[in-house]
């Protein structure tokens, strides 16, 4: 290539205590090129991103901006240098309005201070470009993960940066938003912006990027032109071995009804939702972002109060608004927002895994530490968790590994009805297959699984039945045989299904 | 996106904004309602409560706490707290009074400036402890609450400065009225308006909210968190210093115990005023209204001839009632908002 | 953020322990009248109320709440005791009633916090005034002093150098320590103090636990009021004014995070003792009261500052936003 | 427990460790040299006590003893107890205390007395079993009645009056107020009505707002009695600046330095107080007399108190300082405290 890179990393390394998160990795970002970063969970992608954005200072190696070595003393320096970052986990100010989140520190000003009208207009313009229906004055608190991610994207775009780094921006998005985002990204690329894109969805990398760099265990593996390699090659580079089929849902005989939801309504959120899930069955709940799927799951599990309707588990009605009652009945919910709802970030891995099942490691009134640790280790190994020690706080784990801890916490309870909300969000291909195998095994063992997912291939590959929600209502139920991308999307966007 | 779609979008967001605005206003409305009830009921029972002299006294009484509440709001918004204000007030009040008493010729503006600087220095100590050395604010300022008071005691050594020792021109600052409004209340009002404007219309002001709302995100957004936190503490300290010298002018009798325990009143005013104790939201106007409400309650109890022994209890009960009222209103609005969300979005 | 919380905790307690040992050594060698049985016994006795209230305050603060009304609850319970005693009830009947009053005060706080979702700081500033006020209403300016000598002497009695009241603290501390550090309830308290949402999603009965913590805090305050009343042989409405700050200071000095989710009970107990020893030693050394206040404040700040300064110097050389969990 | 006897044994140099009354007094015993006398006021840094204790320390110097002031900065009973214990460990010869709570300090004082330490209470008494002698600044009855008389003269025995006191449980003030109420029952006060007792908690600002509240709720108030130095100063401050200045009469207990300005500008006609320095002085001599065995606290015993002359121990171990001085425009400039 004859152009020179805007931003390069040269032989950077970064360790956290004993963990060598990034080892002598080099990377060149060229203007007008979208560069993909691939690797399993914990491979060091996010750490690399944080080095680029000045959050972490590399232990060794250099950062080059336009060929000149620079040192980023903090995120502010990187921003000044024209590097915009969308972090893996949304970093919003919950109390502030969406537009202030976007323009914090860069608010348009008039003579009388901040010019809110101009700010509102710019925010609306950004949202329009992304095709998002968000009110710029709305507070960020209460936004769904997807909406938060979209605000992050708008924020990064508003910087009009020379380098745009996106750490799994699509993990929480469904097809429609992803398409919009890619549209915007392509435009930026054509305008000469350099993109760094991270995703665990291989097809997205192939769709958007020209080049891909692969990391494994913090070390550089290869950098290829996308055109030159196949998906299988890429997976092999990431995982270091061949992978078997991605979606191994076994056919199982379905048993009696385990979860029965009748005419469930929570005013203003979802209306009249009825469905059932049988033992041994995986039912997917599909829909666009904001259709209300997570809200249904929350209500069923007793997090939110419902206004009308009923939920039965094994023929017994659940007390409303009581997660404890739901758990006692055999229900488990893997929530979509792992940082807020799934994990206590300051607590250790073992305590997090143990938290939902304290009763099972008790000796009399006391907790048996060996039993607790045994249980945690068992599940950590089964889910191939990448960790230093079980006593490390979960916040040092990579995003995907955090997700595994949430899964472990709930699977360890051996639930009879398992609700998983975006179970593989941010999980790498290898582990994703692992999670799918697990879900499938659980179903085979007689567990009723309700899976909420925004990833259509996952829905189609895993589900025995697909329920589709649109604007708070259940609009379609599609059997495994009839479920195709077209049929599901049609229902999800509100077009009637044949 | 077509033009009409965009228009629809804007209109929708306008509708949403109106709603949000209304909710935001309700935050302070709760206290205004409480204030209205208080003044209405008390005035009905004893009309002398609503006379000019009485209202003037209430304004005077709330001026100092209101100013402290404004300063405290700056700190609380950043998810911190300053318990040491009462000790700073004491230090500044005693220091100022002592200098005025011992040096008869010293120009009053110089003394006032000195007190503000003294307060700012105390604030800077707090700010450095919290912002730079990362000591949790509650711990740091609980420590300096003791420490500053200790300095105050050591300085005073049992001495008391009486009104007779200070120049008349200084004392009159505490009671003089301009256009019928007592001077301390005018100063507090000016401070309130300036700080209120800065918090809303300056980037630095918005950044304080951002820091309180999510400290981690603030770092990632490139906000100079340390500097802002120190600045908030310094500003609060300076206001406490000003409040201290106002205290000396108003009450005339000053010793080392001035304002002991006032920090709880200030925080109560801030909390009643709807400032979130965990940062990120609330306005100085609310905090000042909170201070006014607390002063109003105290005056009303005296005017209503409530038994002295029962006053503390009723004070506490009314405080709780005000918080509960505010909360119930907020919950109602939130519920209404949820019900409307889908209709609105369509 | 240091990788191992347990290690941090251990390091913290280590620090307090070293400080405690140092101060005790210095005082025994350098201050006349410190290291003798009657002084040690008095010192222990004098920390009883603070220690008792600090036990439950630790649990409450670990759960990310705070109870500023403890000293007022103590006052109200004293007032009830005095009032009922004046009314002629036997003391054996009055004591359980006092504990019930404490429980009711705690429940009032707890219900406002859990049912209405009000911040506990705000609620307990309110009840701080309310409970104290009720105490004045009940007992007014009276001091009830003709309490049965059997109880007043029991409150100051000791086994060897150890006052009976201290034994009570030890027993209750053991209970609280086991609850916090070895039971499911303790785990749940840490979890909900650190992240309420995640705890709620994990089936932790957040509201119920918080409610009971406030009740426990109230009961403990009234238990402390019994010790207080008998120890001073005087039941008054203004008993224990200002103790809440001493309790909170001890808990924070003991390494409990004011943001919840972090802290240990042994640390808090050592901090209570440290503050008591420092006070006692300095008074014996005829150090003026203002210096005493100053030292208390300094100790509080310095103890938190010391480990932070280490981190601060390390930060100079390594990354800026160490471990901010954004991943 | 074992503690009491331990301490008693350590105190072998001190006179007989049992309660003072059993030992016989020797009126002619000389004052011992080098007596260690500790003053424990309600609260240090309180100007009133600073003056009183300095008077006492002065006296100690005169008779060759060693005086010091220690105490809490908050006026609470429990913190005084810590100091009593400390003074006991320090083997002081006498403790001179003004009790925050007449009962709460008694167990600790008893222990101190058992260890041979003499206890004198001043300003605010403890329960009788806690001390040997109480040095009373003025007869409670005297004070209560004279204050009513002072005010009555100023308002021609007519109108509504109020009292602005310290805390609701201040022992002194409450006794005085009782006597005021009793005095008001007399026929010559039939036109006077005590409408309210307000409490300023000995806090300047609270007293200030309470005064304000009094005027607000009783617009036709004729006079205020404030039997506390903090209260009267705050009330004077408020009145001097309000339209009621000179119309609403104010009297009570205050120090001349605090109130000089208000006497001169007409806010206050007259108020009264004993000399706090004399109070401390007398208490110091009483302590020395006790520690030297001149007196034991029994009624009728006499001792010399330096420049103040001879005093006699009255009933219940009380020593009376004398009548308070009434301060007015004419005489106020003669006093400086």
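So that you can tell them apart, the chains are marked A, B, C and D in the order they are listed, and the count of residues begins at 1 in each.
Basically, a residue touches a chain if its C-beta (ideal position, glycine included) is under 8 Å from a C-beta of that chain, and two chains touch if they have at least 3 such contacts.
Only a predicted model underlies this, so the values are computations on that prediction, with no experimental measurement involved.
Chain pair with the most C-beta contact pairs: B-C.
Averaging C-alpha coordinates per chain and comparing to chain C, the farthest chain turns out to be A. Centre-to-centre, using mean CA coordinates, chain A is 74 Å away from chain D.
Once the centre of each chain is set as its mean CA position, chain B and chain D turn out to be 39 Å apart. For this pair, chain C with chain D, the centres built from the Cα atoms lie 35 Å apart.
In this assembly, the C-alpha centroid of chain A lies 43 Å from the C-alpha centroid of chain C. Counting partners per residue, chain C has 136, 140-141, 242, 288-290, 293, 320-321, 324-326 as the residues that reach two or more other chains. Multi-chain contact residues of chain D, defined as those touching 2 or more other chains: 44-45, 73, 168.
Contact with two or more other chains is made by residues 55, 74-75, 87, 91 of chain A.
Chains touching one another, given as pairs, are A-B, A-C, B-C, B-D, C-D. Residue ranges on chain B touching chain A, taken from their complex, read 1, 6, 9-10, 12-13, 16-17, 20-21, 197, 200-203, 206-207, 209-210, 212-214, 216-224, 276, 279-281, 338-343, 345-346. Across the interface of their complex, chain D is touched by residues 32-34, 36-39, 41-42, 46, 136, 140-143, 145, 152, 156-160, 228, 231-234, 236-242, 279-280, 283-284, 286, 288-290, 293 of chain C. By the touch criterion stated above, chain B contacts chain D in their complex at residues 46, 48-49, 53-54, 57, 61, 149, 153, 156-160, 162-164, 175, 247, 251-259, 298-299, 301-305, 308-309. Considering their complex, residues 1-3, 6-7, 44-45, 68, 70-74, 76-78, 81-83, 85-86, 88-91, 101-107, 127, 167-170, 174 of chain D touch chain C.
Contact residues on chain C toward chain A in their complex (touch as defined above): 1, 3-6, 178, 182-184, 186-188, 190-191, 194-195, 197-205, 261-262, 318-321, 323-327.
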